[in-house]
Structure formats: structure tokens, C-alpha cells
Amino acid sequence: MTGPDLKIKIGGWTLKNPIMTASGTFGYGEEFTPYLNLEDLGAVVVKGISLEPRSGNPPPRIVETPCGMLNAIGLENVGLEKFISTKMQIFRKYNTDFVVNILGDSVEEYSTLAARLNDTDIAAIEVNISCPNVKKGGVAFGVDPQMAYEVTQAVRRRTDKPLIIKLSPNVTDITVMAKAAEDGGADAVSLINTLLGMAIDPATRKPKLANIVGGLSGPAIKPVALRMVWQASKRVRIPVIGIGGIRTTEDVIEFMLAGASAVQIGTANLIDPGVSGNIVKGLLGYLKQHKISSVRELIGGLKTP
Amino acid sequence: MPTPRDITSIIVENREVNPKIFLLSLNTSDLDIWSEAEPGQFAMLKIADMSCDDPLLRRPLSIHNVRDGKIQFLYKVLGRGTLLLSQAKPGTALRILAPLGNGFSISNSKTHCLVGGGMGIAPLLYFARKMKEQQPSNTIKVLLGARTKNELIAVQDFTEPGLYDVKIATDDGSEGHHGLVTDLLDGINASPGDMTVYCCGPHPMMKAVSNICRKKEWKCQISLEALMACGMGACLGCAVPKKGIGIQEYLHVCSDGPVFKAEEIW
Amino acid sequence: MTGPDLKIKIGGWTLKNPIMTASGTFGYGEEFTPYLNLEDLGAVVVKGISLEPRSGNPPPRIVETPCGMLNAIGLENVGLEKFISTKMQIFRKYNTDFVVNILGDSVEEYSTLAARLNDTDIAAIEVNISCPNVKKGGVAFGVDPQMAYEVTQAVRRRTDKPLIIKLSPNVTDITVMAKAAEDGGADAVSLINTLLGMAIDPATRKPKLANIVGGLSGPAIKPVALRMVWQASKRVRIPVIGIGGIRTTEDVIEFMLAGASAVQIGTANLIDPGVSGNIVKGLLGYLKQHKISSVRELIGGLKTP
Amino acid sequence: MPTPRDITSIIVENREVNPKIFLLSLNTSDLDIWSEAEPGQFAMLKIADMSCDDPLLRRPLSIHNVRDGKIQFLYKVLGRGTLLLSQAKPGTALRILAPLGNGFSISNSKTHCLVGGGMGIAPLLYFARKMKEQQPSNTIKVLLGARTKNELIAVQDFTEPGLYDVKIATDDGSEGHHGLVTDLLDGINASPGDMTVYCCGPHPMMKAVSNICRKKEWKCQISLEALMACGMGACLGCAVPKKGIGIQEYLHVCSDGPVFKAEEIW
């Protein structure tokens, strides 16, 4: 007897199951090997990589908020070349698909990153467009459909890897952003990145983050994420990857019913490092129990009046 | 270094030893983790059950002691997480990720001086014990400081006769030297190379200790704190500025520390 | 000895203290008289009123989410005339400032509401612009600066009451919306209204709200609200009224430090009906303890690098 | 009707009486509220302390009984809120907003029939007792139904000799009539005007009961449930469609109910 089919396709890429980890919450993967088997996961998305190393923001960089957390890590990373020469070697030890999340200050930087990564054996590229476009006055790529379209198209031209555009939720209409990514040639969109938030210490009268503002993640944002995934998946034909506050198998099912083809687990990894592996098992159990032969049957299965 | 694990442990005792300061003793079937743990390493504890989102994150606590098959933490009630922990009754299960980080490393000096301030005393007990076990002939000086007598912790464990040379300071003079623990350190004479200082306490105190050590050319290890989300190097949240010139770089308290050589930071 | 001064000004209107209740979470005020003294509050903002009565959305209308709740009440209300003839009579029993929150389907509806209310003895008008503009294809007034400007201006022309425009957070740039309200002649902006969210029941595969999507409120949204208040208050000169997840005196202080001149308490009233009164006391205690002579000293007092 | 209050009460007992069903007894210095409370009214309970945001909202529970100076609730563990409540130990303080809503009102019929299904039995006990107290000569029939014997609650309280005429039905026949509680109701003969039915239970059961009553021209009161945020008429969250033609209007379970005349709804 064969078990339920957990496979999911994104462009030409077949994932063994729809459970990925979210960029910036799973290190470079290896940190989690004491708690789960990386090979059980659909994919591992690593911390965002830029062309040059970045040292990130001064501390405090994180603060807990009701059912969530704010982070202002400042995209600290080792830079592309060191990433390829060291971290990528580690990936090779595991029979797991690795996705590299990239970030840049300009369309050119994104293109260069994509071109260079195209020659490596990673499974896919995820583009974090929640970064300021230095040339266009620092407005984030992710809040302007035209800029999102341009960066998608530029990256698309330089890679034939599966291309995922990661959308910012800090926009009036997420469907416009999803469509811009689709029109630019993305194979999938992933959403949501963090909501922009802030916390203040009334005792010191200072912001709790040195950067003043930071990104809100965790269970608190799940309702917003679910809504955006539902809206975006009705608008575009490419797969939608759901992200935001996921920490149980039920959460995954909700996101898939809303229209997600796969999901990414973020903040939950920080609290419960084995959670992503447990969710893969939980999902398999759920499908068996409900006699669902393929996980794909869940996608967009929401019953609306 | 032992591989960290994520285990469930049962509270055996959770007792207020000083006002707002609790001694937490846990039982675990997985004692290997603890016997291998280095002093100065820490654990990330989830106070309530994993499905509780308030508070969301685990909290870091240093290993205070491993004794009679139990692991002990000594913690102060500060905010919501430690408040809830202090209300947990024996029998309650906690999720514990441990042992994490890099602890103190015993140097080859002749004399070792452990300097603890306030809750910073917590991790030093296990270190003192391990050092005594491993290098019984070492001279171990212990300097303990607090604002007031009530905030002095674990003193009776250190003052067990014949173990360590203990001196105490309180800001208000309610016990021992009336003044700062750094006064006591300043009073010690030892030539460079003969002495290593291991320090845990409030930031300004550690800075003062490290200044004294630099002046006297003593080696100095400090145990830092930072707000932490994961405790295992994944989120990069626990950054601490690294000493250096040019572009500011950061170390990470959970994975590069919590114990650092003072010269890495200041 | 006189105690600390809690008074706050919005336009020509002086509030006895900066603590108001948020529309839709405090009924018409009287429901709360067993738990607090309405006269202790800076102002009571009542449930949104439309020209005609509205029966609201079918149930389920609410669902709890992590540290928050979604609501899709559907703006159920008795309609303007019944409101004036019945509910408003009740106000008169209390020496409290009442603010009426209005909503409409078109600029004309808002104008008519404002004109009619201008002849009553309410303290101020708050305009909920998170409503769809039926004539402009159903896009909410609150997400389009031009529409927000027009509705503000139209209402302004019909009333000399203090005019508060209540902003939706579901926008890319809250400062643009705040500026549009200021340019339209508002005396203050209040923010944030609820974040659009969604919840799904994995067992039934249905949305948990009959309306599918709803508004997220409660502690979960506080970091987003605080950030928007901070951004908006730096952009406009008129007072900003902070709303979102407030449930303690400390929360109020944080919002005021971020730039709010006053605050509104929403979801917290539903959980703890006496909370708004307790916060007034708490604020007074805080000022005394810190020897602050006027609550106005807190406004915008955030220390940033 | 008494004015509701928001009080703190201490758990005296919290005992599992049937699988997953708990009897909660609370002590309060403010017993007036309870002695004035009408049967069918309810309370909003904050399970954990007020500063806990998970779960955020209070939970509605019907007053089950007021006995020996204690208030009792009978509740089933369904989700997180009731799970946490079931774990609370005696001595724990709860915040309680009560009494809320409109309860059952004793009609002037000769015969009264209380029909309870599953957890819907909970509010009927207090009602039966109050009716017996106030109108001792009334004939009170009690029909109790559940899926299975294990889910039948408070039966021994009703079957105390000489109080009520009790009949039981279970879907699986494990106790009493093998079938629905509505079968028992259907079997009763009483002329219109002589009989009032008071019903609390699952939605389909209440609908069936109200159909029987309409057919037999009996008066019928039903106690509805809805998801609630405030329980006091402020949020308008607890809407229930009102019977009528034209534009759909809504009633609010917390302020217009929870007890309604059946004809208001169906």
C-alpha cells in the first residue's frame, strides 16, 4: 500500500512535501540537525544573502510582543562568495532541497546574485523584495508593483532555477504585487514577509529595537497572512507559498485550503526547533486519517458561500 | 561539547530562596545532557506548554548546578515569563533546550578568581564545583557582590568549608565589604599569567572587572546576556558589538558566547 | 495642591483626559455603567452610525485568534434618526463627551450624516473611512488618499464640530492617508482601525466568519498600530489619536510617546469592561509618581538616536 | 434583573464528573449576585489571569446551580479555554462577569417540561430548583437526552425523589429510552395552554423541540449559544437571525437572550 502523496510542484521543481522553513528563522539549516532530519523537509530556505557581507543592525534586535515578535536583524549575512564557498558545502551533505533567499539594494544586485547562483546546485531562488531600492529613494521594491515587476524580470533573465518572489504585506493590495511578480516571470510567490511594527519601553522612553521599527512575525500575524494568501491565490495562476504564524499541522491545512500550494515555517522554528519535522509527520497523519490520497487536494479547498 | 537536545523535564522543586529569587530543580530521564554540560552553558525554557503563545518565546537561564540527579536553575522574577515560571508547581512539565552556547573554559593559571554580581552568581557555582573536581589543587577565589544582602544568592553553597576562598561585597554594606565587588578584585595581587578572572554580572560591573584585568594583565572571561529568541544561532537576534576598528561587526551571545574573552568585546 | 493636568485639546475641543473608548467596542456607552463611571473618561466614541439602519452580517461574526480577534459585525446599527431620537437621549444623562462615529457608502452620505449631527450636542464627529465607496467600484475610501481627502473635505464643509478622520491600516503608506485627512480639514486623525484578516476551520473547511474576512484587533496588532501612530504623527501637525491593542496604562504611555495626543481603547473593553476607567486612574498615578505636571509632556516624547 | 458585576471568585472545587465534563464550584464574597441571578442567565469567565492574552476572550458558561453558598458551573472541555479551566486548581482566582442575559421565565401553564440535551442540561437544574421553590405545586417534567450514558450530566440531581418527573433518552440506548429526547416529548399529551416547554441543547434538537411545540401549540422557550466576545451587548458579535420576512434582522444572544421564545427565531 502506498501512503498519501505529499509531493508539490513549483515550476519544474518537485518538492517531496509542502513544508519549507522560512528565511532567517532556520539559520543555514545545519543548526537544526539535532532536532530534526533535514531530509524530511520539503525544502530549507536559508537566511537572506546579499552580494557583499552585511553586519546587520546594532542590538537590541528582537523583542517579544503579544503572540509575536519584532525583529530588526538588519539582514546580517556572510555575503554571496563566502556563502557559496562555505555554507553551500554543508548543504551537499544532505539530500534536501535548499532554496537561497536573496536581497539587494538595486535591480543590478539582484541580477548579479541570481546569475551567480544559477551556476550552483541549489533547488530554487527566493527573492526578498522587502528591501529598499537605494537608487529609487529607498522605497522598498516590495511596495511598488512596477519595481517588483522589474526586479522579477531582471532576475528571471539571469536564472532558469525555479524563481520565488517573496512579497511584503505592507501594501494596500497584495494581489497587485502578486500579479506583478507573475507578470515578471516568477514561478511562485511566497507571502507574507513581516508586518512593519514597533515597540517602546515606557520606562526608558526609547524604542525597544535599536532600529526603531522591525518586522512582526509569529502567531499574531496569521490572520493577516491567511487573508493575503487567499486573495493572492485567487488572482494569480502560479503557486502561492503561505507564510505567517504557522506552528501546527492545522495551520498548514488552513493555509493550503486558503490557496497555498506549500508553506514556510518561520518564528515557530525559534521556539520549537523540531516543529517543521513534526508538521511533516502531522500532515501525513492527517491525510491518512482523512483518506486523502494527495496533499494537492487541499489546495484552495476552502468552501465559501 | 555535547549536542543540545530538546527535552521535557518535570519540576521537582521551585522555591523562593530570596525575595523574588527562585531555585528551580528539575528531574529528567535524560541526565546525560546535564552531566556533559559545561559550566556557563545555558538552557532555553518554555515556561508554559508549547501551545501557549503568551509568552511566546523560551527564556534563557544558565545552568546553576547539577546535583543529586537534578538540574538546578536560579532565577529572578523580572517579567511575565519568569513570573509564570515562579508560579509553576512541582509536577509541571517544562520544555528545555540544552545545553547551549559556550561555557567557561578553565585556563592554565595558578589562581582562578570567580567574580559574580547579582544574578550573575547563578552560573558560577557549577563552574566552581567542576573546577574543583577537575583540578582539585587550583586556588579558587570567589568574589560575590550584590546591592544588598537579600540579593546575595547561593552564598552558603560557596562558603562550604574548605572549598573556596570567598569574599562578599554589598553596595549597602548589609553583608561583607561595604562597596563594590570590584573593590575586592582590585585588592588582589597576582602577577600577569598567574591569574584568570571569570565574571558574570551586570554589564557595568563586567566592564569594570575587565578594565581591572586589562590593567593588571590578567586573563578575563565574561558571560554576557542578550535578548534571545532561539538560543541556538538561528535568528541572529542576540548580537553584541565586537571590538574592532572599521565596520562594526557583531558576535552572537548564544552561539559565540555567552562566555567570551573580555578582549573580544571591549 | 493640584494634581497632574490630564487635559488634551483636539481642535477647539478640550478633553478632560486622553482616554476614549473605540467605536464598536463600547456599545452606546450605557452598557458599561455597571463597571465604570462614564464621566471619568475623556470621551466615549459610540458604534458607527449610518444614514439608514443596517442589520449587519450573518453569524458567525467574531472569532478569537492568537492574542486578538477578528470581527465582521457588518456595521450593524440603528440608523441616524433612531440614534438621535433614542440613544442620544441617554447621553444627556452623563456629563461626558460623546463622539459619534459615522460611515457611509458615498461622499453624499457622509455629508448628510455630518450636517445632521452638526445640529446636535455631541462633542465631535469621527469618520470611519474604512468603508467601500459604492460609486467608485467598492474600493474603500480609507485606502485611496484622493477619496479620503474628498470625504474629509465634504464632511468638513458641513460641520464645525471637531472632526476626526479614522484611518485604515490596510495601506502601503499611512502617512499619505494622514496627510490627505489633514489637507481635507480634519482636526485630528485616529488610527488604526482593524487589519484585514481571515480564519479558517480546518475541520469544516469553511471560513470561521460568515463574511469570510474580518477586522483583526487586540494586543496582536499593537506593534503595527504603534508604528503607524509614530509615522503619522511625524507627518501631520494635527493631533493623532492612537488605537490598537491598548489594555494597560503602559500601553497608553507608549502610544503617547510615539506621538499620540489621545488614545482609544477597543477590544480590551470587551474583555474587561472596567478597563478604560482603570486606565484613567492608572495614568493619573503614573504622572504623579513620575512628577509629570501635564500629560501633554508625554506626547511624542520618544527618545530616538 | 440584578445588575451584572465583574468580580473575582476563588475555585473551591473543579472536578471531572463525567469524561471531559467538569463541575466547577466557586466561592465568592459577593453572593448577592448569585442569589438574585435568574436561571438561564450566564457568566463570562476569564480563565487565566487578566493579563494573559492566550486565550484573550472570556468564555460564557451558564449558571448551573447556586448551592451551599457556592456557584456552580458544569462545562465540557472543548478547546483551549475550557482545557485551561479544567486544569485550574482549587484556590485559583477567576474573573467573572455575571449575571448576564435574560434567563427562563416561568409561564403560567399547569405543566412545565424542561428538555435538555447534552451540555444543554447544565442551566436546567437551577431553573428546576427555582421553579420548585417559587411554585411548589407546579408539575415539572424533565426530559434529559445525550448521545450516550457518559454524556448524561446532573442526572442524580434531577432524580432526587419527589422533585421532578424525570425521563431519560440516549441515542445509543445505554440509558433510558433508546432514541432521541424529542421522542419522549412527542409522547406527552397536554392541551395547548396547559404546557410550556423550556429547552436547551444542540441546535438541531432545539429546532425539533420547537417544531413539536408549534404543532402541539405549546409555548416554548429555547436557550441559544453563539460565539461571544463581550457577553454584555457591546460588540454585537453574538447575532442570531431573527424570524421575519424582508430584510434579515438579527437578535443578540447575550443581550436579547440567551433564552428566547422559540417563535422569535423559527
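For clarity, chains are labelled A, B, C and D in written order, and residue numbers in each chain start from 1.
What we mean here is this: a contact is a pair of C-beta atoms (placed from the backbone, for glycine too) under 8 Å apart; a residue touches a chain by one contact, two chains touch by 3 or more.
Bear in mind that the values here come from a model prediction, so they are computed numbers and not experimental data.
By number of C-beta pairs in contact, B-D leads when B-D and B-C are compared. Rounded to whole angstrom, the centroid-to-centroid distance between subunit A and subunit B, based on C-alpha atoms, equals 36 Å. As a whole-number value, the distance joining the C-alpha centres of subunit B and subunit D reads 55 Å.
Once the centre of each chain is set as its mean CA position, subunit B and subunit C turn out to be 47 Å apart.
Shared interface positions of subunit C, defined as residues touching 2 or more other chains, are 66-68, 218-220. For subunit B, residues touching at least two other chains, in rising order: 51, 53-54.
Viewed as a network of touching protein chains, the structure reduces to a complete graph with every chain in contact with every other. In the complex of the two chains, the subunit D residues touching subunit C come out as 3-6, 46, 50, 53-58, 95, 97, 226-230, 232-241, 247-250. Per the touch definition, subunit A reaches subunit B in the complex via residues 24-27, 31-32, 34-35, 47, 55-64, 66-69, 71, 73, 76, 218-220, 248, 267, 269-274. For subunit B in complex with subunit C, the touching residues are 53-54.
Of all the residues in subunit B, the ones that touch subunit D in their complex are 51-54, 80, 89. Interface of subunit C with subunit A (complex): residues 65-68, 70, 143, 170-173, 195-200, 202, 204-207, 210, 212-213, 216, 218-224, 226-227, 230, 245, 250, 253-254, 257-258, 301-305.
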